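Below is one structure, written out as structure tokens; comments come after it.
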């Protein structure tokens, strides 16, 4: 048994020239690999940086608006209105009847002449009503309010526009100032780029995401648990596994067609609603959750299951007391990835009609709504140059949303991660 | 149950055991030789040969110490089980017993110078036969150990009876002679001791045989009455030399 | 092949806790256990020894039906716990596994606190009616396992933060907590250093008599130290079963002798 074959092998020359060459080749291979890795990272980071810089460069101006001062002599034009009228429950009603639009228009005319109307944004008067609600005392005195200018002036001031507009800019140069465009964050879609906001789309995205999560998460997780822990290993299970894997690769627009055919035409659900959007996106996200869920469950070591079975835990207890808690970080990560993908989907939602002009944010899942990516798409189609910066600004908001979601994913995963 | 002859997976264990067997065979051979030489010295009153036997007993003692050491080491390092363990325990005890056999041979040799005139004593003629049988017992018991032969061991056990019978005869004859020839009492006493030594050698051979039986079968050897029976009244011996 | 070695069946100490008769185990077409019959008593520790792949672990896992988790495994024959056939359809596997506990080769505490590790079993089987009773069970189990002194001040620490030997004792305490009748140990000390091993062996000695213990080990010296009865398995057959002293000083079968003296052909 122990007869070793005596080979006529010379002792190995580890210091010889051959070996040195091998060492040199090996080191240079390692270096090359490292270099390739680093350049891949640098390239990807470069693309990302490029995107961010371009977006931020274009979009940050969407958060600012050009303003001009306007003097309004409230006591004169409202014939003695008092602050108390605009406090309490009757404030809105009183605002409606005071004819603020005409007040502002006439004040503009007084100060800037007939032409003055073109200087200011058509929705500028709404800013005044917001100011009154904030600070009712203002109606008892002469006040100088800063109102947003019209779109052409805004563009001309920021980056250059038509010759006429630029001339106006030169004319009023010392009165123009830049302020933060809070409206962008609280308004919904509008025809005037100075008045658009992302809140409507944002809320629509939020509601759609919630619907998607409510549907895709439980179904996906339970399916993953069943397939991994209970399902017998036969042809049928293989078929299901293959189908789910393929489903995850199906182009999203197909899901849009599915939603159109099934939810809208067959079931007759309300078009443009977050419900249908959420359902469609849930169909799309569920395979991703199942796949990542299965992987997470597979990675739970069998020793944990054996330990639990050995102590007399039933299969259900093994799954829910031991496997699921350990697989949860992986499942959550997969879920957030799926949700982030769903957040950025445009094509399927366009197909089911979430592309309407939504001027008010949705208040329920059946109200017509739109989502951020669709809003971005619609704005990018607009002719008015003022929408360019707004589109980029909306993209920045979307990226921030995604960033927050990912941060949430990492936080949740770290919190639930138990070491074993 | 005989060893299947299969080797241990750890070859060093086998070589340890073989070394021990060799040493046991050697100490056995030396002791047998010592008996033979001592008896020859006695027959021929060869004082030089007797002195040689006494000297060479030291070798036997050293060999026994080495066997003990190696056995001890093997038990500690190899964690022997079953028949290996039995063999090693047997080796331990057998080497001690054989060393004592050597001591008896030395004792016989020491008495050679003191028994110069015993040719006249008739019982002395029985001693060579007795020693031959005792010697054979020693040889056979060690053969049985080498071959793990439980049957041979039992036979050795039985044949010791012959040595015992020899002793009984010699005892009676020498006592008679001592009564009839009181001036020979000194030498006759030595003769008795020599006979006694041979009888003890026979007994020790049966000790070896018992160990061999245990090593081979794992069971203790069935009992046999042994030993001389010195309390048997010697009928025809008158008291105090009176008629 | 040879007939099953049913020697040692008539026990000298009352009725056996678990009995197996003519058990065969198949993995698909391959037969892993061949006509094994054996008794396990309350007052002795029984050791299963044998070379790798001889089926000792497979047979052990039959005794608490852990082989059920392997789809291609098929068990025939009769295994009884206190006279009840454990493979009968009316035997609840979950309760069986509480009555016949198992300790595995690699310590596998749950990734929970030490307290929860022990308390989990009693909780799911409803063995405690309140926090106080549960605390008592946890304390007594840890004491029986010889771990109480070392962990009583840090019951909320994670079970996986203990050393290997402590983890294994934790697993033993966990098995004890559900009040088993039999404890099966599958090479419990293979992954441990000699000191931890000695502590576990001492623990086994203390547990003897309270639980029927079966230990699978590939370390013959451990089997000799720890058990009163030893069963030698070879290629799925039970070759010899008897008192540990006899097996190790004067085994009857040649295969047994060859194995324990280190003579593999």
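Order as written gives the chain letters A, B and C; numbering starts at 1 within each chain.
Definition applied: contacts are C-beta pairs under 8 Å (C-beta built on N, C-alpha and C of every residue); 3 or more make two chains touch, one makes a residue touch a chain.
Bear in mind that the values here come from a model prediction, so they are computed numbers and not experimental data.
Novice: Enter the minimum step count from subunit B to subunit C; a value of 1 means the two chains touch.
Specialist: Between subunit B and subunit C, the shortest chain-hopping route counts 1.
Novice: Central chain, going by Cα centroids?
Specialist: C
Novice: As a quick test, compute the distance in whole Å between the mean CA positions of subunit B and subunit C.
Specialist: Computed value for the inter-centroid distance: 53 Å.
Novice: Indicate the whole-number Å distance between the mean C-alpha point of subunit A and the mean C-alpha point of subunit B.
Specialist: The mean C-alpha positions of subunit A and subunit B differ by 104 Å.
Novice: When the C-alpha atoms of subunit A and subunit C are each averaged to a single point, how far apart are the two points in Å?
Specialist: 57
Novice: Could you list, by residue number, the parts of subunit C that touch subunit A in their complex?
Specialist: 64, 66, 69, 71, 94-98, 101-104, 106, 108-111, 120-121, 124-125, 158, 160, 171, 174-175, 178
Novice: Along subunit A, where are the residues that touch subunit C in the complex?
Specialist: 232-233, 303-304, 306-314, 317, 321-322, 326, 418-420
Novice: Which of the residues in subunit C come into contact with subunit B in the complex?
Specialist: Residues of subunit C touching subunit B: 220-221, 224, 248-251, 254, 257-258, 260-265.
Novice: Contact residues on subunit B for subunit C in the complex?
Specialist: 1, 4, 6-10, 13, 79-86, 218-219
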